[in-house]
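Each of the two complexes below includes subunit A, the first together with subunit B, the second together with subunit C.
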Partner chain A sequence: MSIPSHLHQNLMPSEVNFLAENEMIQILPRYSMKSIQLIGTKIPNLRALRREKVPIWVALILKSQGKCNIVPPKWLELGYLKEKYDEEIKNPFKFSDLPWHWIEISKMLLSKAADDLSDPSHQLRSIIQDLKEIRLVKSKKGFTELNESNIALTGLSLLEINEIRPFVLGVMNKLREIHETIDREGEEEGEEEDDDMD
Partner chain B sequence: MEVDDILRDFEKSTQKDQDLYKSLTTAMLNERMAPELLPYQQSLLEDVLSKISSQQQFLLDSHEYGDINIDSGIITSDFKLQLMIIETDIERLNYLVRSYLRVRLSKIDKFSIHYIDMISTNRDSKLLSFEEQSYISRHFKLMTDLYNGSFLKKVPQDLAYLDTDSGISMIVKPEIDQLVFIKVNKGDIVLELEDDDELELIPGGIYIVKYSLVRRYVDIGDIELI
Partner chain C sequence: MVDYYDIDDILATGEKVPSIFNITVPGLGYLEGNPGKPINEGTKVELPLWLAEQLAHLEAPDGTPFISLLEPESLNVKVRNAIRTDPVALDVHSILPNYYKMAEKYCSFFSDEELSEIIKQMIKERSLEIYSYANNSSKQMNSRFMLSLDEFEKRLFKIASESNRQMKNWLKE
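Coming up: the complex of A and B.
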């Protein structure tokens, strides 16, 4: 098998993480380093204490070697996340606007660059957990609305989508199949009636 | 003035490189999530593969350079770190390419008769790469030989067809009505649903819709599958 069937039309969490690592992040280099031309991107000349943007995976390598500090993104901060949490509570039918990879990035930074974050990591972890839970409850509540044709989920991040994907698509595809049979039966019945008329 | 031009060119080429990464990721995700085979991204893949091999050559040369100068003190830990980053970059792209090709192969395996029919009616279609075309016909021949040799010759003749000859279609086709998750890149897209309903898609929005409704937007890049 060229690809395991459970991965078709689905991603592994590690793959979602991989995609998140391509996002850019600001770093504060501690040493100088010459620029590197990569295929996907270019790492600029690094000079000590001058902020530069690099992909997260590069930032994590440099960080693990003690070559830089990571400047946490502005949303990874207690006040901001609390605000989002309140927003989630206030609007029971809407997801608040969070970055596409917020769970993955915050997890990476919390585990590998906790000393660079502006707030104590246990507090951040707990607010992130709260946010995750309230959003999951919301999307689960939405499961009662599942139908056969379409649904809007604006605001969900990729990891959250990936989490609910197998269930949601399974149910919706089944509903669609049922719906199609009803349609077809309806048409056939209609035709039969026409025959009777003749 | 000239320096400015050079700088501008340089900016442009970095911009293009970043797009390369992005387009490859999008191509991989689209292919992964679409129920049917999408047109092969010929130019993109050529570009990526040639860049990977030239970067690998650079890496080899640098290692050689490092080995020769190992005692001279030129080689710093920085140099090794840089090589490691370059190597990681290559591996990451390799992974994307592999993942893209593998999901295509799995669809080719699954719907081989369907796609053989398609390329035989439309010879210059961009659906399959050259390698994939030779793969699909070889795979098909092996499978039919196996089926015929192991059991099809023992079942009644009118049940032994693999195609539509018996009047019943035995061809497995991709189900294009399947539901997919989409992310909207550009606005002003209105999908027409059944029963004369309409669904207006807002930019940045995330929806679940039938693949058949959005396939042409996926093709031009206004919608991404996720």
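Coming up: the complex of A and C.
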């Protein structure tokens, strides 16, 4: 293949961001617009000041033209994120439950629709940074528990998994190779590498 | 032969290992610097792993294998104890540039479960260290630890720091 080898098994953060742009978000249109049928999705009839759900990429375009306000998702709010942060501290072996695309969505909204958010953006940025860091420290702690067959990633989001994937796969593959050198009698054939990562 | 085209595998099998001839073979004297003479039973020679592996499997007509493999220095008790004490402090690269490949081959050859457990533990502890270095790659590039990485670990460091760099760049956008 002609793409560079580090992109064979892994996505770039910008690609993950692209995937996140397909998530739906509520907007508050300021103008009316007829519905548009697209191949993958449908933009509903927009009527001024009536909430509608559209993909984030549509919301961002309309927002940049000043044609709508974005209703921030309910988790993108200082109180909620603080709660999650406390949860992270309380459970050192568990990741708190955040949306699959929380980093990407919060980044997009913070940079392009900061005026629609309910809290000051510098405070949100700092709590998001804290959350990211504490989760990274946790997943790093988890690396000591790596083994040749499986890994639990419950609670991690796509971008976080994507970041550690090349490293974790490398280590696990090597562990598996070493593990398989020994014939263990009575053990079942075909121990396979767990694909939890995808 | 899964690793037929793997250059590291080829390099690892080129590594010399100590072995003992179990029988006298005519004409092989050049292996110990006596061209034209036979090689005697009990002679200790260093053979590349790819050759030694085959000879140790092959049997002479009376049923004894041509050679017996001895434990190479890179995997002897001293090194094993060093790994047990502190895997991170060990200079793997100076022992063998393709250490893990070699260890892998020996594990499968001797079915040495103890060795495989040691190596697995070593991978885990060292990779954690590699990950920390990959996350601050701008600083400590010249540290002693970075010079002690074997080829596999270097690759690991490279992909880990690459994905970290991508992530940082994207967050800055």
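The working rule: the second predicted complex is superposed on the first by the 181 of 198 C-alpha atoms of A that agree within 3 Å, B and C clash if a C-alpha of one lies under 4 Å from a C-alpha of the other, contacts with A are read in each partner's own complex, and residues count from 1 in each chain.
We adopt the following convention: a contact is a pair of C-beta atoms (placed from the backbone, for glycine too) under 8 Å apart; a residue touches a chain by one contact, two chains touch by 3 or more.
Nothing here was measured: the structure is a model prediction, and the numbers come from that model.
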{"item": "Contacts of A:His122 with subunit B and subunit C, given as first, second, both or neither", "value": "neither"}
{"item": "Subunit B versus subunit C as contact partner of A:Lys42, first or second or both or neither", "value": "first"}
{"item": "Broader residue contact with subunit A after superposition on the shared chain, subunit B or subunit C", "value": "B"}
{"item": "Partner chain(s) touched by A:Lys107 [first = subunit B, second = subunit C, both, neither]", "value": "second"}
{"item": "Subunit B versus subunit C as contact partner of A:Lys174, first or second or both or neither", "value": "second"}
{"item": "Subunit B versus subunit C as contact partner of A:Lys53, first or second or both or neither", "value": "neither"}
{"item": "First, second, both or neither for A:Asn17, with subunit B first and subunit C second", "value": "second"}
{"item": "Contacts of A:Arg165 with subunit B and subunit C, given as first, second, both or neither", "value": "both"}
{"item": "Those residues of subunit A which subunit B touches in one complex and subunit C touches in the other", "value": "165"}
{"item": "Sites on subunit A touched by subunit C in the complex", "value": "6, 10, 12-14, 17, 107, 140, 143-144, 146, 148, 159, 162-167, 170-171, 174-175, 177-179, 181-183"}
{"item": "Complex interface listing, subunit A residues touching subunit B", "value": "1-3, 5, 7-9, 11, 15, 18-19, 22, 31, 33-34, 36, 38-43, 57-58, 61, 65, 67, 149-156, 158, 161, 165, 168-169, 172-173, 176, 180"}
{"item": "Subunit A partner contacts - residues on subunit B that touch it in the complex", "value": "14, 17-18, 20-21, 25, 32-33, 35, 48, 51-52, 55, 78, 81-82, 84-86, 88-90, 92-93, 95, 99, 102-103, 105-106, 109, 177-181, 191, 193-194, 199, 202, 204-210, 226"}
{"item": "Parts of subunit C lying in touch with subunit A, wherever the complex brings them together", "value": "100, 103-105, 107-108, 111-113, 116, 119-120, 123-125, 127-128, 131-132, 134, 152, 155-156, 159-160, 162-164, 166-167, 169-171, 173"}
